[in-house]
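What follows is subunit A paired twice: with subunit B in the first complex and subunit C in the second.
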Partner chain A sequence: MRIATWTLAVLALAVLVLPPIVQLDQSLVDLRSAGQPPSFAHPFGTDEVGRDVLLRSVYGLRVSFLVGLVAALVSMVIGGAIGLAAGSLGGLPDRLLMRVVDGFNALPHLLFGIFIVALFAPSAAAVVVSVGVTHWTTAARIVRSEVLSLRTRPFVEAAVSGGAGRMRVVRRHLLPHLLPHLVLATVLMVPHAIWHETALSFLGLGLPPHLASLGNMINDGQRSLLTGDWWSSLVPGLFILAPTLAISVLAQRWRDRSSPRWRSELEL
Partner chain B sequence: MRAVLRMVAWRVAFAVPLLVIVTIVMFALAQASPFDPVRQYLGERALVTSPEVVEAIRANWGLDRPVLEQYATWFGNLVSGELGESRSLHRPVTEIIGERLGWTLLATGSALVLMFAGSLVVGTLAAWRRGSWLDRVITGGAFANESAPVFWLGLLAIWIFAVTLGWLPAGGLTDAASTTISPGDVAAHLILPVTVLAISQSSWLVLYVRESVIGVLREDFVIGARARGLRERTVIVRHALRSALLPFLTLLGARMPELVTGAILVETVFSWPGVAAASVQAALAVDFPLLAALTLLGTAAVLAGNLLADIAYTVADPRVRTLGVG
Partner chain C sequence: MLEASGITVRYGRQVALDDASLTIEPGVVTGLAGPSGCGKSTLARVLALMLRPRSGTLTVDGDPVLRWRQRAPRELRTRVALIYQQPRLAVDPRLTLADVIREPLTANGRPDDGRVAELAGEAGLTGDLLTRRPHEVSDGQLQRACVARALTLEPRYLICDEMTTMLDASTQAHLVRLVNAYRERTGAGVLAISHDTILLNRWADKTVDLFDPADQKQP
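Here is the complex of A and B:
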């Protein structure tokens, strides 16, 4: 728990503060120091054209995090809107929308991401769209079930009998209650979106190769891995693993805390 | 039996429209795409080819027809099993899929078996010794594994077992020097990709087995079995594990999309000559006929996996049969 919080804090600090302060050029090519193993000057070594792996990983995490965050937000907006529509309209629209959710869940997401990115030249926008359009179903499910339970609460009934229209009820009474759920779902979606970005970039279908994204770095480092230079491809992977693990540990704790009964049953 | 049939009919009634919608969406995306297949086909010759020739190629490929007619032709061909010709490999798509599908089925099938067996053993061990260091190592490992990208795991395995230790080949189907495909050679090349795929897919299963065995161990019939003086192994394997097993089948069906994803990445990392890796090559070459066929194949695989899981569940659990769920 404490380790997870610290990991996230250090990474966040590195990503936010390091680049403006250090003023080092991560794309600086220095062929004299190409393919160096970890040393004091380069804690995680240098890649095959002499760029510092640690510095580039921090920049890569920055790029991947941004793309992941935007993609997660896109999927939350789509999912939130569809879940809200399904939950508040009910009846036939609800059933139809839930079938659409089932349909999307049956699709192999990465394959569709690949399909979309391939047809629209690899770019950050294509990655965001391909991840966003295929990952909104979780948010839709969460929002829908929350709306269904909110609908039966007295304050909603009071608003409806007080003459409030559907839009007003949704805006004033439902959305404030849904927001915390949406925020949590977005936070949990970010690591997954980062994963998708790196997977696409790793396959050569994601961000343009000159951008330092974690997936691009792992892809670049593949060749030197075969000659024994493990750092240039394996280190960027650690920068994906660490924040993902930290977020999932914190989420697990949060879940345990919010349902203490379930936890105590397991402890028995 | 009737329940099974009804469930199958229900599933198929959902799957067919879904596949049709997938073809529509793919076709619409291809239409909206800025890529011009004729220009792609001509390559550098596009600069010196006269517009009349380009128009002739367009007409020849049917690209000058109305969009709806183009879709109808393409869809009609798909239904009759005519998948078209790959634009990058210049061979029929059916031929490419035919020679690659077997390798993918071999790799993913072996990975599934390994994943099942391994997760059952490891998850049960963790549940049996709950709270011990062993349990902590297993749960911690499962969480870490869930966070690690599968292609990274693959590279890690290559670095350890192929580069550093030199025990296993780093990729491919056979040794570069060999001209024939011998079973022993293929098996050696199969070990790393299968293990990595199995491990990458097994985190949830290990945690799931652990939790459900812990739950079952508290049930009366397990306490009863213990009270009758049965051996610990018999209690765990015959009583606890058996009833903890059932819900997996549906869960396994729900994990099919992840399996396809894992197969794509693992096959690419290990240069395994399967259909999943071919989808990446098709995407890199913007090879629409091949990519569309493989995307459809992937979706169909997920739907088929869901169906099989449901059938197995209905057959295995008599309660579902009588209640007629689904």
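Here is the complex of A and C:
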């Protein structure tokens, strides 16, 4: 828990502080410094065209955080709206929407994501759309089940009995109770979205190749591995692994603290 | 009259209520007795238009109920108010007591803080209690707010589902007095659901037993 907090804090600080101080020219190459191992001047070495691996990793992580967060938000908004509609309308609309969810779940989401991102020119926006459109089903299921539970609670019945319309019940009684679940689901989705962003960039379908992206860096680093330059792949790999693990650990801890029932069930 | 006839409710395969009939007349306190688990609360939810029965009919002052919950016309569902047994479950934990009482007024587009204050006063809720949230007050104080909320729209029928269970004697007496005063003023019909026969003997003008076949023959 403490390690996860510190890891995330250090990485977040690096992402926020370093780019404004040290500007990165994305297209600059320095062939005289190519393939240098870690040293004082370049703590994590340089890549095959002489670019600083640490600086590019920090820039790449910044992009990953941003794309991951926005993609997670997009998936939560789509999933939240569909789950809310299904749970609160019930009946036929609920059954139809849930079959759509089943249909999306039946698709291999990485392949479907690749299909979507291939429709656009390589860009961060394309990755956001790809991850958002393929990952909303989890949010839809969470929100629907919560709404089904909430709508039978006496306080919601009392509001309906007192004349509250559907929209008022949603706005005043359902959404405020759903919000903590949605926020938690969004945070848990961020690491997953980061993995997808890096995977798509690794496959050459994400960000343009010249831009610093962790996926692009690992892809480039593959070639350097053959010449023994292990750092050019390992460092961006660790930059993916560390924040995603830290966010997952912290979010799961938060979930356990906010819902003790889940924790006791898990311990059983 | 609020008239339920041949009401059957099932939860899956479980029959919760089988062919139950009941009539609530305006201006009369009808007691509904029966052991725990016999379907009293289920019948209360049907009467409040909150639960669609598997079969049977419900009419409110001669108007047949064809749709339930939010699908029921607002004018029809606000004619019947339900007071729940457990006030903790019956109020949104985020709202203050004033918001709880105000809720039906704002939902119907006619907020009236004067009416909220008047009802709170009748229910014995002081000003400082109105700014508190449910976890900051006792069950009795919360149930007073629930009764005040039920009375805000002046319903034609009031269903009190074990309203006074778990409350101290003075709160019980106060709430019963409040409901009786409302009935006398407006001529509303009251259904008092309880398994406490002593309370029903003192409060109800007539008592129906949900398990008694003789009571079920004549709605």
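In the analysis below, the second predicted complex is superposed on the first by the 244 of 268 C-alpha atoms of A that agree within 3 Å, B and C clash if a C-alpha of one lies under 4 Å from a C-alpha of the other, contacts with A are read in each partner's own complex, and residues count from 1 in each chain.
Just so we're on the same page, contacts are C-beta pairs under 8 Å (C-beta built on N, C-alpha and C of every residue); 3 or more make two chains touch, one makes a residue touch a chain.
As the structure is a computational prediction, the values presented were derived from the model and not from experiment.
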Touched partner set for A:Pro154, first subunit B, second subunit C, both or neither: second
First, second, both or neither for A:Gly163, with subunit B first and subunit C second: second
First, second, both or neither for A:His173, with subunit B first and subunit C second: second
First, second, both or neither for A:Leu119, with subunit B first and subunit C second: first
When both partners are placed on the shared chain, which of subunit B and subunit C touches more of subunit A: B
Contacts of A:Asp256 with subunit B and subunit C, given as first, second, both or neither: neither
Doubly contacted residues of subunit A, that is, touched by subunit B and again by subunit C: none
Partner subunit C, residues of subunit A touching it in the complex: 153-155, 157-166, 168-169, 172-173, 176-177
Residues of subunit A touching subunit B in the complex: 99, 102-103, 105-112, 114-121, 191, 195, 198-199, 202-205, 218, 221-222, 225-228, 230, 233-234, 237, 240-241, 244-245, 248-249, 252, 266, 268
List of subunit B residues in touch with subunit A within their complex: 14, 18, 21-22, 26, 29-30, 32-35, 143-144, 146-149, 151-152, 155-156, 158-159, 163-164, 170, 211, 214, 218, 254, 256-257, 260-261, 264-265, 268, 279-280, 282-284, 286, 288, 291-292, 294-295, 298-299, 301-303, 306
Touching residues on subunit C, where the partner in the complex is subunit A: 45, 48-50, 69-70, 74, 77-78, 80-82, 84, 86, 89-94, 103-104, 107-108, 146, 149, 152-153
